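Mind having a look at this structure? Questions to follow.
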Amino acid sequence: MIKHIFILAGICLLSFNGLAQDATQTLNDLIAKMNSVKDYSVDAVITSDIPMVKILPTKATIYFKQKDKFKIDAKGIAILPKQGFTDISKLLAQKDSYTAVIMGNETISNVKTDIVSVFPVSDTSDLVLAKLWIDPLQDMVMKSQITTRSSGTVTILYTYGSQAKWGLPDKLVFTVDVKKFKIPKGVATDINKTSTKDQTKAVAKTGEIRIDLSNYKVNLGIKDEIFKK
Amino acid sequence: MDDKIIEVNKLSKYFGTFEAVKDVSFTVNKGDVFGFHGANGAGKSTTIRCILSLITPNNGDVKIFGESISTNRFEILKRVGSIIEKPDFYKYLSAERNLEIFARISGSDSTKKDIYKMLDFVGLNGREKDKVAGFSHGMKQRLGIAQTLLHNPDLIILDEPTTGLDPQGIIDIRNLILELKNQHNKTVLLSSHQLSEIEIIANRMLIINKGKSIIEGEVSKLLNAEELIVNIEVDNPEKCVLLISEHFPAIHIQEIKNNQLLIATDKNVIPDLTKALVAGEIQIFAIESKRKLEDFFIKIISN
Amino acid sequence: MLLKSTYNEFIKIAAKPRSYLGLGAITILVGVILFALKADGMSFIEFVTSSFEQTLSFEGNILNGNLVAFIILQMLVIHIPLLVALVTGDLVSGEAAMGTIRMLATKPISRTSLLLSKFIAGGAYTLLIVVWLGIMAVVVGKFLFGSGDLMVLNSDGLVILQEADINWRYFGGFTVAFLAMLTVSSLSICLSCFSDNSIGPIVTTMAIIILFIIIGTLDVSIFDNVRPFLFTTHMAAWRSFFEDPLPVADIRNSIVILLIHNLVFVFISLYKFNRKDITS
């Protein structure tokens, strides 16, 4: 009996080791594809559907330059998720700070993906867990789920089109955690508001931000001045 | 043409239970300088305020130029100029600006030239642009007169116009009123607690006391100008009384105090009285006539 | 005669030093707020958006002239009525105190015309105050902070209005704000008809406003039936122009309530003034 348990444990360990080695390879392929993009700019339309927030779609331009320069130039006010844009690339760039394991497979948008879980090595890191659904054939992230102590969980769905060769999506859909949203009293001055709003209506716990990307300009060179505030 | 300019008929005004004016009636004729006299608090200002529709009377009616003030106020007041108590102006505005403001709603087309001319007329030339805040009381009275006359009214109502003026100012106002009457054929209602003013310039008068009219009529007839009150100081008052009783029965001895006799007499009798006293070896130390009108007023009020 | 009397009232208001007190006070108050926001406006915004910023980030020129103008308007909702009442509360009682009322009332002009001319002049002064506030808040605000989308925090959440969609909202908001201030002006003139001194109507107007605001703010059911009809409840109706969707019914309701208040104050004033014995 004990012998069977040891054999089973051995098989699991070997499997785990094997899966970890597969996850590392998958992530390395992903990183290599990411690094092929030295810089890009893209036009974005940001549409937010978040409880307690009303905003019309906003136009913006997004700039990126290796290794970590990132800027969103919004025409008006844009609401964006705090997490999700550069977190994956920053996370994956520090190979010693995490361990990754393939936890299984899932089909997303007719694409079979490997589910790679990334665990931070440090106990004090803000990142709790990152899950990436990676297309192993195209080396692209189809979905990601990042959980941090400070911001909760952000889930991102990626849709690719003409820029798939660079691993750059045409559409991103962020699902954010909104449980902690509160209106500070005394600042929201609806003085003597007489019309009653439905107080019993349940407030949703998540919100969604969709970013439609078009007109990519990849590896054409971007001046550093653009990233200065 | 009707000569009655103001007709006040049984005018009454109460403030709560206080009777400020009760059943006051009088008439002011065209061309009159009508003296309206009473002590402080007698009801003069209340009556004038009722005439000018500042106050709504409880009873009675007021007609000016033959029309009721309550129904034809607009047309009547175009022809009336008035100062009620002290003239008050906008202190932060100049004399010229103040007159302009009142002239604009007086129903006349007074021009800037008219305003300057009027200010010159009342002795305020050179002060047109000065703010009223810096004016003395006398200057404000003059400005008040200017405001009253600027639109050339037919009826002028003056409530205590000489209050606070220096002697020259008082004389100027009197002369002005007489000029308005004699040369411009204006009708003036003049309210004053200074009897001397009324005696000098009014031809008709009304005396009011505690809200009630006491007497109305021509000044000369009311005072009987021929009669005088005379104070005689002699060495022997008893002998003097005996002589007057025997030889001058028409003389009325009003009062005997120490060596002084107060008598009411026709002024034409005084020379004969003096001769008789000297002939009767009565020494005369002084003969002086007292203010007749004041005595008349005191007598009327006390009765 | 109404027009002539109104012209007179304009002259008087323009000549009174206290008329410029209101304009000067607005200049200084708004100037102080603009300076404070320029120095550290982002802290104020972060306080407002703090609970959202755990999961969201706000990009763009948030602290722009439109937001600054909005903040200024919110802060000055109590102060502007005082600046209006300071002048309009004096229009009748000030003349009684000065004695000029009896000079005016002996002229060939009806008391109705006299009083209406004061209402008109008071309304014009109120308009001047509101327009000046608009210039200082919106024009100077945009000059200093630039333009951009407007972020408004209501009790039911955050609304972000696009820049192109804001100017008409400010126009509508200021129009309703003027109507609200006109109500204050009418109230103070009405109270002025009952007094022979300057200070009484001004203080009473402010006391009424403060009392009604307290009644409106107290979350007590006994006031529920009264609250919708208090004019102070609708003094903040200008904010409705910055909601999405625009609460047209609420705005219309507020306009009607404020107009009714104005008419009531005018009629009460006319009734009192026409029957008043002028003894001062």
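As written, the chains take the letters A, B and C, and residue 1 is the first residue of each chain.
Just so it is clear, a residue touches a chain if its C-beta (ideal position, glycine included) is under 8 Å from a C-beta of that chain, and two chains touch if they have at least 3 such contacts.
Keep in mind it's a predicted model, so treat the numbers as computed, not measured.
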Steps in the shortest chain-to-chain touch route ending at chain B and beginning at chain A: 2
Selected interface, A-C versus B-C, where C-beta contact pairs are more numerous: A-C
Per-chain Cα centre nearest the global Cα centre, belonging to chain: C
Relative to chain C, chain with the most remote C-alpha centre: B
Whole-Å gap separating chain A and chain B, where each centre is the average of the chain's CA atoms: 100
Gap in Å, rounded to a whole number, between the CA centres of chain C and chain B: 52
Computed distance of Cα centres, chain C from chain A, in Å: 49
Interfacial residue positions of chain C with respect to chain B in the complex: 1, 4-5, 7-8, 11-12, 15-17, 98-100, 102-110, 275, 277-279
Chain C contact footprint on chain A (complex, rising order): 50-56, 58, 60, 72, 74-83, 150-152, 154, 176-178, 180-184, 187-195, 197
In the complex with chain C, residue positions of chain B that touch it: 15, 49, 52-56, 73-78, 80, 82, 84-93, 97, 101-102, 104-107, 147
Residues of chain C defined as touching chain A within the complex: 47-48, 50-62, 74, 77, 148-149, 151, 153-160, 162-163, 213, 216-217, 227-228, 230, 232-236, 239, 244, 247, 250
